[in-house]
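Given below, in the form of structure tokens, are the structures.
Look for chain A in each of the two complexes below; its partner is chain B in the first and chain C in the second.
Entry: the complex of A and B
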């Protein structure tokens, strides 16, 4: 009887703790706005992302105010006047990696489908990503584009030449097993 | 009995684990969000509210180039000038050596006052905790009279031409739109202008900002000077303005009774009360251009 209970415990232990989630705590997201007037770029090195390997579900969460700009004034304007990070502090993404292959070790190109919430507006997006695997660590990287007006981010007419209508967003997440 | 207890325990453990697994991924990430210090941004938009100093200091390596102008009419004048009878301009440079420490200086055309100031941000208000509910900035300025203007007479002795202003500025950004500051001020005027009975004055400065839109805000300030009779000994200064931000440029439009741009000049030597009559109402237009002499380096991996 005791053996059965021990076995049961071992089973419970493994089913619970054989962690099938991986997390990136210092993911990087950067964005670029290219116009003939000025180029704006910013980077956020504190992006969080988690993947459930059992079903390919992925989530991304970041604080908008963690973006660093070359010019301090741009950072102030970005937070105060454009993304309004005091009202909408986070960018969140929740989605699923299509046909995610957790076994292969070669780099694979996959589509991530999901919903991104930015500036209080949720949009469905599809992002092409490259997945690399090193033992239990994964790296996801890629880029995609976001329309400024799609997320109700208001650019005054006078400044329209300075800010691109479509912003290029690049990301790189390095995952490790979750729960350590 | 013993066995039953084990079974109960293991079942409850299993349930707990499945429950944990079923947790929303975003909720898991919310728990992982870093606890970084978040200083309140943009209590005021520039080093100046309208004519007086704000609690703000700029980020390290920022140079502010300030061109301030004021236009007003002579009282009881028969001249019909095209726009305004009189005009004054101040050219100033303000540089942030660190995030907390700023030095600035400037020179004005009409009153010929040369001034310099130092500002140190002692406490920065924080958004993420209640440890610092207000910002505190220390301010010291020195100004030097170079000519007589209005009722102000240039002292013979050059050491009498100096004026000193010390301030402790307390400010709080109450919400995203509204900021308020109170600044106990000590003014030392080496010369006795406007029939002053003393060289030392205490004043209290009030300043406020209300954000009207993402790039436009309303700003106002008032200085109350104790220990003098308002009237022949000068009037307390009041200013009401609109700040408009266009990228690296800040435009400030204001209505004020202060002629000078210098602190001692605005606080102590106000010749007229605030009203809309000729001679009292000054229309101010200031442009502040922000240069970033030190840019942050971004490390982008891909």
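Entry: the complex of A and C
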């Protein structure tokens, strides 16, 4: 799976049909865990994504270590105990925007179907997204939920009350033609 | 409750409060300030990007979570999602060093120009198509 995604990015950059590709080097992905004990949130402002406008294929790649927390200890626990960033440094998603209208200028609500690899576990997901077009630039935004146990993320029994079983993920990507 | 036990409790109470205070302070500790952290590596942006594209596994060991001073030519300055980011030229036009700037350096970064050579200090987080550095501050520009 990792090789396929890497090849997608390489293809996107060195393909002769580069005018069909749009890129967001600084996409934003944030997550929120709500429990009665404490709320945990973090944001990653350096998420990479490429869309092939000719077929609606989309790839997202991000570094787990690039999530920023308000408290240093939360960041330490997140990277060392939960997502194990040394072993699984990246989250990767590869999918397709269903019925993507690349010409329309009004905001579109679309479904993105694909496979997300987190903590070494790949799961098929469907995400509802809003797509806006501003000239040659596109903005994709939306949110979805991820079950902690779906990706074999182990939370120590003592800390279970502090971590929600389902984490809300929010995203926003601003794409531009990749040659710019 | 014996008198000795009461004295012991009263004696230990300040220690217990102090321990709670230390734990709370440790728990709420904010992320480290880049300006006060000692630099681990000084390198040019093209060499840094080249190190990752040549051998990402080795570069992860050499650079990830290290405090790096990187010098390079500004390819672009962006303001996305209320974050100022300086893209330094990598070894080619497809790969850069992305420096996510701390609010303390934002005003100085706004005055920088494309093509200018600058030195930034930050924490290296890894490599996607570009090398990602967070908590960056401007050393000179």
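Quick notes on this one:
One rule holds for everything that comes next: the second predicted complex is superposed on the first by the 162 of 180 C-alpha atoms of A that agree within 3 Å, B and C clash if a C-alpha of one lies under 4 Å from a C-alpha of the other, contacts with A are read in each partner's own complex, and residues count from 1 in each chain.
Everything below uses one rule, namely that a contact is a pair of C-beta atoms (placed from the backbone, for glycine too) under 8 Å apart; a residue touches a chain by one contact, two chains touch by 3 or more.
Every value quoted in this text rests on a predicted model; they were computed, and no experiment measured them.
Under the clash rule set out above, the superposition-derived model of chain A with chain B and chain C contains a clash between the two partners. When both complexes are overlaid on chain A, the residue A:59 reaches chain B alone and has no touch with chain C. After overlaying the two complexes on the shared chain, residue contacts for A:80 are found with chain B alone; chain C is out of touch. Contacts of A:108 after superposition: neither chain B nor chain C is touched. Set side by side, chain B and chain C differ in how many residues of chain A they touch, and the one touching more is B. Legend: residue contacts after superposition of the two complexes on their common chain; A:33 is shown touching neither chain B nor chain C. Of the two partner chains placed by superposition, only chain B is touched by A:156; chain C is not. Looking at the shared chain after the overlay, A:46 reaches both chain B and chain C.
Looking at chain A, you'll find residues 9, 25, 28, 45-46, 48, 61, 63, 65-66, 68-73, 172 touch chain B in one structure and chain C in the other. Put simply, chain C touches chain A in their complex at residues 26-32, 60, 64-65, 78, 80-81, 83, 85, 87, 94, 98, 100, 125-126, 128-130, 132, 134. Across the interface of their complex, chain C is touched by residues 9, 13-14, 25-26, 28, 45-46, 48, 61-63, 65-66, 68-73, 75, 89-90, 172, 174 of chain A.
Chain B meets chain A in the complex at residues 3, 6-7, 10, 13-14, 17, 20-21, 24-26, 28-30, 32-34, 36, 38, 41-42, 58-62, 127, 176, 214-215, 245-248, 290, 292, 295-302.
Contacts from chain A toward chain B in the complex involve residues 1, 5, 8-9, 12, 15-17, 21, 23, 25, 28, 30, 41-43, 45-46, 48-50, 52, 57-61, 63, 65-66, 68-73, 76-77, 79-82, 84, 86-87, 92, 94, 141, 154, 156, 158-159, 162, 170, 172, 178.
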